[in-house]
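Multiple structures follow.
Both complexes below contain chain A, partnered by chain B and then by chain C.
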Partner chain A sequence: MTHLTRTTARTLALVTISALLGAHAQKATDLSVALYAANPEAPAPTARWDTGEVIRARTGVNLKFTMLPTGADGDNKLGSLAAANDLPDLFEIRNRNLFYQLIRQGQVAPVSSLLPQMPQRTKVRYGNAMRNGLVNENGQMYGLQEPATLSRQYGIMVRQDWLEKLNLKTPTTLDEFLNVARAFTERDPDGNGRKDTFGYCGVIDFDTAGILPGLGLGNHFQWVYGAYGVPGTWNYRAGAAFAANVRNPNYRKATEYVRRLVEAKVMDPDWATVKRSDLRNRWQQGKCGLFFESVGGLIAGFKNFEANNPKGDLRFVPVPKGPSGSRSMGTFANAGTLLVVSKKAMDAEKGPAIAKFLEWANSGEGYYQLAFGKKGADYTMVGGIPTVTTTNVNGRLTNTQLRFLALNGQAAELKGRYGTLKFSDGRSVNVYNLLMDTRRNNNWIDRSGDLVVPAAPNQADIDRYVSESLVQFVLGQRPLNDGNWKSFTDGLNGLNFAGYEKNAYAALKAGGFVK
Partner chain B sequence: MTRVRRQNDRAFDRTVNAFLIAVLLATLTPLVYVVSVSLTPLGQTTSLLPRAVSFNAYEELLRQPALIRALGNSVFLTLSGVLISMILTVCTAYPLSRPDLPGRKFLTGVILFTFLFSAGLIPLYLVIRDLHLLNTYWALLLHGAVSVYNLLVMKNFFQNLPESLEEAAKIDGASDLQVLWHIVLPLSKPILLTIGLFYAVTQWNSFFEPVLYLSDARMMPLPVVLRDILTGLNSAEYIESAATTTAPPDGLKMAAVVLTTIPMLLVYPWIQRYFTSGTLSGGVKG
Partner chain C sequence: MTNVIRSAPPAARRSPRQRLLARLWRHRGLYLMLLPGLLWFALFRYWPLWNAQIAFKDFQPVQGVLHSPWVGLEHFQAFFSSFYFSQLMTNTLVISFAKLLIGLPPAIILALAIHESSRRGLARVTQTVTYLPHFLSWVIVFGILLAMLSPGSGLLNKGLVAAGGDPVSFLTDPGAFRAVVIFSDIWKETGWSAILFLAALIGISPSLYEAAEVDGATRWQRIRHISLPGMLDVIVLVTLLRLGHILDAGFYQIYVLYSLPVYSVADVIDTWVYRQGIQNFQFSLATAVGLFKGLIGLLMIVIANRVARRFAGQGLY
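== the complex of A and B ==
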């Protein structure tokens, strides 16, 4: 009896110890992840979040997800958390200045050690030395710089039905562009008997995803500067030839062309003060013949556009050529989401859990779960393309709030995200093809190096000075003549612009972006 | 002479009325436009008065589960915030208004110091974190529960109440708490409602504090969720909810503005008659 009891006791003890060890082995690692919400308009994940459950089951990670607010509020939140040594384990940074500040403060950890632990993800996303250079500091890699998954999605759209009605050809040069814009303004293309249409609709907007902001009038006018060979902020030429484009005589010529658009009254009179949402409202209401828009904006607004313009037909036009044949819609960076690991997380040995989670998100089940939601409920595979099937938009968007960790920008993914728009009269537009058109036909220039250029201490003053001066020139508030232009460029000296250029050149050279 | 003066008075009154009507129209026009845009159906151009009326934008927004939850969160935070703030403010303002409180000047000085020299964002965050209040509503309710400005206004109001009333109550055997509850507070309706409104508006509009102290998006109040929705609608990327909506994007935005404003608009008329006397009498030191 005693022997039996001992055996039983030993067995029970072994079972208990094994169970405890097993429980310890299966215990999920808590991982706090903060990302800018992929779908801010959709509800946040609930406690019984499908995606969270799947992540726990597959990777052993107990995800604590925080949606960062976009813009300065998100930066302020991260800044406050950093000051309190309370940063999340894995988080996204959009403000590069904040990124470098956190490196200097020792708040973020080098991530090179994670790369071998996620071989597939590293191969697909972190194999580009130039891109990795964007996150190197003192020889250490401080961030996981994802490639751009959706860039160059903007272009100039035209009302094709107006072109046909007025018997006009698609403009290919700046002069033709102005002529078409003038006809759209003056020849009543919508046939309502009123002169209430605009040739070109664009606003001052620097916050266009996938395009580098640059100095000046914003991205809706970069194509004009591209036609004069000076798109973006920097010229990327080596040595003494390196300078900001604003110093180039062609920069003035481009500004003069925008002035011609304004003088010809082909633009909305309040273009310099209205916002992108107003612009979108106007083209959807059928007020704009040519306008600057993205494929995403087209999808979001096409229903309202069709309701206002049942016969309306929209196309992208190739970016117009300048006098010397130059053409470019603008500059872009081949760099997307920047993920950073806090030093606190590395010190707590959470690196392997982070790597496992990210590797899972890179391909297969993890990729589809994060990028497209629940298979069979949110999407189905049709001919190798993940196709959204659910009508529960909010549910799907909630399930894909982490999709920036998974998206890769490859063809199947883009075809799944950008499908076909169907008009009531049976016409259809393949948005994926539109996206490819605007990428191919607009001579976008890769200026990824701009991301390593340190902001000047008075960056806001520089931005404002250049932007406000150009607005004054194009609105005619300040005559665009030799004296005033010289006064404008001389004014840059008072802002230590030369120092800004010098630092930019040094950073670009160190990163291998200029020779 | 009297007739001339009367005519002058009438002319003056007419001028003042015309001016006030002009101000009223200037103030009202943007509000009417906001409501008009929110009611404009898909496919219609917006104007000061809508040519057709559609409630699709409101339906769309109210169908958003996140918005309904956020509305509930904001109502809860506002009601409980006002309750906590009022209790703390009254309980601090009343003793400070009594001349016989020992160390009254010192205590007032200490409180005033926090008004003049704010600790700043980071120390406040550290306090909230060390008290383990992060990601709880206590962080929003206790942080700034007492506004020094409101406290001083209320203290001045209490000081202006006739001392004889308090003395009479004390002679009848009332304790300090009984005096406060049965004599002072019933006489202080204007200031209580006014300060309550100040607290309610502050709590209702609270934006950055929830962003900073809360990490669970389901706990966020209305301003934060509305901003997210509007940010999404104005994004450059593909917005699926915008693509499937039956209301124009601007209509959704304006409907959101109307929904946020309505609760506060409903409160104002009820306490308007107390508002002027509350702010004026509290601001005059007797």
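== the complex of A and C ==
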């Protein structure tokens, strides 16, 4: 009898707990969220994901997370979802062309109604008029434009040990840069008796992580155009004479300098073909004396580099000056992640759940969980700085795949993300200081307005025409003389480039970016 | 009581419907096997034709395929009047025809060589080795090509330099790039293409070869008068099918191999559609170009089939 009673009691308890859990599960709102992979090198979260469990417990959101591939593949995936009218409830969007198309097609919803429901987040993230201007269309706010959490993290790195070995000074001008690059190519700086090193390693790369590549040869050569005062695509200061930089005579001079680098054979002969990953392999193997790299790239590659070059010493150098004293590593947008809510989600009244989830991710437990992982397991707080403690790198990275929803770019966060690199011979590098140096020393130019410039109907042809022509000039396939340069700039007319410039000017003026 | 013996009505008295059903039932096994193939065609080849109407519309996902507004031939005009149209057509046709004309003979020759080999073990090894590259992705092939052709560290260029020559930038030189595309495609696909021709050769009755041998025919005469005619229908079939895809110059291969310095000789219709249509989210434009390619392919098949029937005595249909 006693046994029966106990069994009945247990059964009743189980039924009660199940009912409560069931009720809780019924309350949870399904929310599909798609973000670009924060840590593409780490696995996607599994169905039984710690962070997902925490989110459900704290916010009542049953998260269905999709990790978008980085780069154009992710843009294409979002485009396909849009074409199928199957966009996620909340998603990140990097391609502004797609963003404006989705607004026109009515697939994304105005988000201003969410702001009062997440007061803390709104206060620290969505109060900036310039950033909000980037997501306004017809007087409506169509996106949650986050502040930049990491930008201008790129710079030119030099093999300091090679400089010292060859008794050279850090280059500060374009001419000095060429001389150092030549020495690195010809004077066997690695001492292996073979001419197998390159003065400058750069590739044609248009990645938009934290910088704006502009039309032309891409990120890795922007510093040359910066030295001639024409970095990026547009000249904001020209006023009524507004035009693309490509029309500026200095643009040709910068192209001529890149041609000199190629002619002097100080660059990797494969530079026009290979990708950024190949470049990274080469500097890690110890083939490059000067190269364009990010702080994150340095962290990811320094162990390989050290294994191949035990005495190797890498430093960022300030961006070289041009003949008239101009200098700039390139252009950047002072805006970070753009979050968008689909109209379907708003129609399904998921707005409050989205706001609650984002507010939770803004600070306190939610912020640390998404940005740094599990407290005590993935990180601990040391002097107010979240410091990574785990050796399970992949586990931590998986736990922080949603970090773009949380990151805020403040100093404590950056110090936590960019700690100290320790070499086996006892040397150490404070990466946070490096990051600050690249920002301070490289005269990055804010061109946030570029984000509102509408893509031309034939944008792919314009991009190809300019980039292809410049590559032909610098490779010597097309002699860089007056006639050919004129032919190149005249050729822009066939692409209705003037119409593209006119629309750009109108958009930049309406946004208050140019006078 | 009279016993009535019921028998099936004579076939001549059956209705056409009954005859059809009886025939279907008699060959039910074959029709069952046909079903998945038919379903595949219905789902992935015919159903998408309904969606192809977006080529004539300003496709708005919210409004759907049916309710998006009609724009007539606007997307076709955008493609035909695009800045690079003539270059795209030229590149596509040159690369595609070159792959067909230069790529087909090696596959036929390889099949003949394997078939004629008296050492079966060697033939099998050759066949396996030659069709394995088909399974490599173009990304891997690009790595191999870079290791071979790089002007800095490529094996071929090292050889050229050792012989006193200058390195050649095969992957960035517009004069050399098409050759790289065509020959890398031949290297990758010849073994795989040879399988069809080999199957045709195996289908030829051995008695024909034995009779020819008894009559004193040389090996070359046997190939010329037995093997090649025996393969002719397959050669015609393969050629016709490939003509149907004449505007597909090999997207994956070119997308992986090409770079800015060689766009002028390598940019084909599909790579342009990827950049302008897919990456700029102009799905109607991409569909219009796809439809145009399909129509040209159909036209090529019809014309080539007539030519084949007239000169070779056989065609696809």
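Definition applied: the second predicted complex is superposed on the first by the 472 of 515 C-alpha atoms of A that agree within 3 Å, B and C clash if a C-alpha of one lies under 4 Å from a C-alpha of the other, contacts with A are read in each partner's own complex, and residues count from 1 in each chain.
As a working rule, a contact is a pair of C-beta atoms (placed from the backbone, for glycine too) under 8 Å apart; a residue touches a chain by one contact, two chains touch by 3 or more.
On a predicted model such as this, the values are computed, not experimentally measured, just so you know.
Three-chain overlay on chain A, with chain B and chain C in a clash. By the document's definition of touching, of the two partners only chain C reaches A:272; chain B does not.
Contact with chain B, but none with chain C, is seen for A:297 once the two complexes are overlaid on the shared chain.
With both structures placed on the common chain, the touch criterion links A:84 to chain B and to chain C.
Within the superposed three-chain model, A:494 lies in touch with chain C and out of touch with chain B [touch as defined at top].
When the two complexes are overlaid on their common chain A, residue A:365 makes contact with neither chain B nor chain C.
In the superposition on chain A, A:263 makes contact with neither chain B nor chain C. For chain A, the partner touching the most residues, choosing from chain B and chain C, is B. Applying the stated contact rule after C-alpha superposition, one finds that A:75 touches chain C and leaves chain B untouched.
Two complexes overlaid on chain A leave one chain B stretch from 41-49, 113-121 or 185-193 clashing with chain C, and it is 113-121.
Counting contacts by the rule stated earlier, residues 76, 83-84 of chain A appear in both its interface with chain B and its interface with chain C.
On the chain C side of its complex with chain A, the touching residues are 59-62, 64, 78, 82-84, 146, 150-152, 167, 169, 171-172, 174, 259-261, 263-264, 267, 272, 275-276, 278-281, 283. Residues 72, 75-76, 79, 82-85, 97-98, 101, 105-107, 204, 268-270, 272-274, 343, 455, 457-461, 463-465, 467-468, 471-472, 475, 477, 494-495 of chain A are the ones that touch chain C when the two sit in their complex. Across the complex, chain A meets chain B through its residues 32, 34, 37, 39-46, 64, 66-67, 69-71, 73, 76-77, 80-81, 83-84, 86, 150, 153-154, 207-210, 275-277, 280-281, 284-285, 294-297, 299-304, 307-308, 388, 393-394, 396-397, 417-418. Every residue of chain B that touches chain A in the complex is listed here, in rising order: 42-46, 64-66, 69, 121-122, 125-126, 129, 207-208, 211-212, 215-218, 220, 224, 227-229, 231-245, 248-250, 253.
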